[in-house]
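As written, the chains take the letters A, B and C, and residue 1 is the first residue of each chain.
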Amino acid sequence: MDQTLAHLQSLGLTLPEVPAPVAAYVNCVRSGNLLYLSGGLPMDGDNRIFGKIPSDVSIERGQEASRMIILNRLAVIHGELGSLDKIKQVVALNGFVNSEPDFYEHPAVINGASELLIKILGDRGKHSRTALGAASLPLNVAVEINLVVEVED
Amino acid sequence: MDQTLAHLQSLGLTLPEVPAPVAAYVNCVRSGNLLYLSGGLPMDGDNRIFGKIPSDVSIERGQEASRMIILNRLAVIHGELGSLDKIKQVVALNGFVNSEPDFYEHPAVINGASELLIKILGDRGKHSRTALGAASLPLNVAVEINLVVEVED
Amino acid sequence: MDQTLAHLQSLGLTLPEVPAPVAAYVNCVRSGNLLYLSGGLPMDGDNRIFGKIPSDVSIERGQEASRMIILNRLAVIHGELGSLDKIKQVVALNGFVNSEPDFYEHPAVINGASELLIKILGDRGKHSRTALGAASLPLNVAVEINLVVEVED
């Protein structure tokens, strides 16, 4: 039984389908106990969050984009490991915000991701983090996030 | 004998000279079985690809820049390990495109790198990936790519 | 005794207080022998370096920002490990410069960090590196730098 998945569902959340990479790469690669996840995008079926923050997309909607990405990154981990219980520690999170040159609130946007990780995973979700503004992002998504995760043997 | 290098040459490709870092850092650092490569630039002697995509540099030329970087990153690995056969798996690739704010085709540009890695290395070349737009890049190069590679003991 | 800290002090430098993360993450996470440090900002009490390079902030001042970040990253490592002597090797440094679209001297700015690491740590400070221009950075800081560091058992 996947207790972490059960907890996630008890929070009213669900894992989306494992997303298909948008180009010639794979969703994740494991090396030893580290799982490297590709940059995830805020896309789930028809629900897609496009545009620059804050002119096209509000900070609140950017936080929603960050949460969407965490759920699809967890779907990738679940597909790879078979259980979210095998997550030992989220090690690093890099969050890229599709920003205007005068936008300074990247931490607030990426907190959508960080807070959801901690809500779902508890102490295992506490991570080092880098948040910054990209000049542009693939497909014009509002946020892109990659992760390095330590997993059980 | 370096079978990977032989395969690379059979594709009509050659490894360039190992590039000199453009500042106070080294081309790669190994920690355990992971080799971390510095951000590579599309420069090989007089052949250098400068400018923003797509206004100065086309997507096709950006793909060529991505391929140049993969070849000079492989030259770094070859210089470090003595043989490309010691590459066990390309783990992570981060690709930065010197982009206008309204450019959204970073995946197509970085596919130049991803597809060449797979062509040369087969399954060992399949990697997790993050592609995004930088506001500007060192020396105004069109693309910059770093890698994390798992190597044999 | 922390010989590295003594050396740092003999250079006329001091470690600042360990900075508080500006959002919902932690300063560093250790996985095996690798310590992943969050993106550090050039802020030490009232001394904060804000703005874009080179319009608001000169290259020289950007180098000073890079040095400030290295000192606060070393403070984080010291707080985590108890001694800077336990640093085995700086493995990777990612340096993000808050840049105008036509700024190309990111290597000079990030050299402030790279050269200080080597001055303090000697060969242990030699690292792989990626430097690039961000469209914008958290709080409008001029530079942001994260690190991956190999530490003693």
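The rule we apply is simple: a residue touches a chain if its C-beta (ideal position, glycine included) is under 8 Å from a C-beta of that chain, and two chains touch if they have at least 3 such contacts.
Everything quoted here is computed from the prediction, not taken from an experiment.
Where chain A touches chain C, under half of the residue numbers in use are shared by the two copies, so each contributes mostly different positions. Superposing the C-alpha atoms of chain B onto chain C requires a rotation of 120 degrees, rounded to the nearest 5.
One inter-chain figure worth recording: chain A and chain C are separated by 25 Å, centre to centre, where each centre is the mean of the chain's CA atoms. Among the residues of chain B, those in touch with two or more other chains are 32, 101, 133-135.
Note for the complex: chain B touches chain A at residues 32-34, 89-93, 99-108, 110-111, 114-115, 118, 126-135, 148, 150.
Across the complex, chain B is touched by residues 21-29, 31-32, 36-39, 52, 94, 96, 101, 133-140, 144, 146 of chain A.
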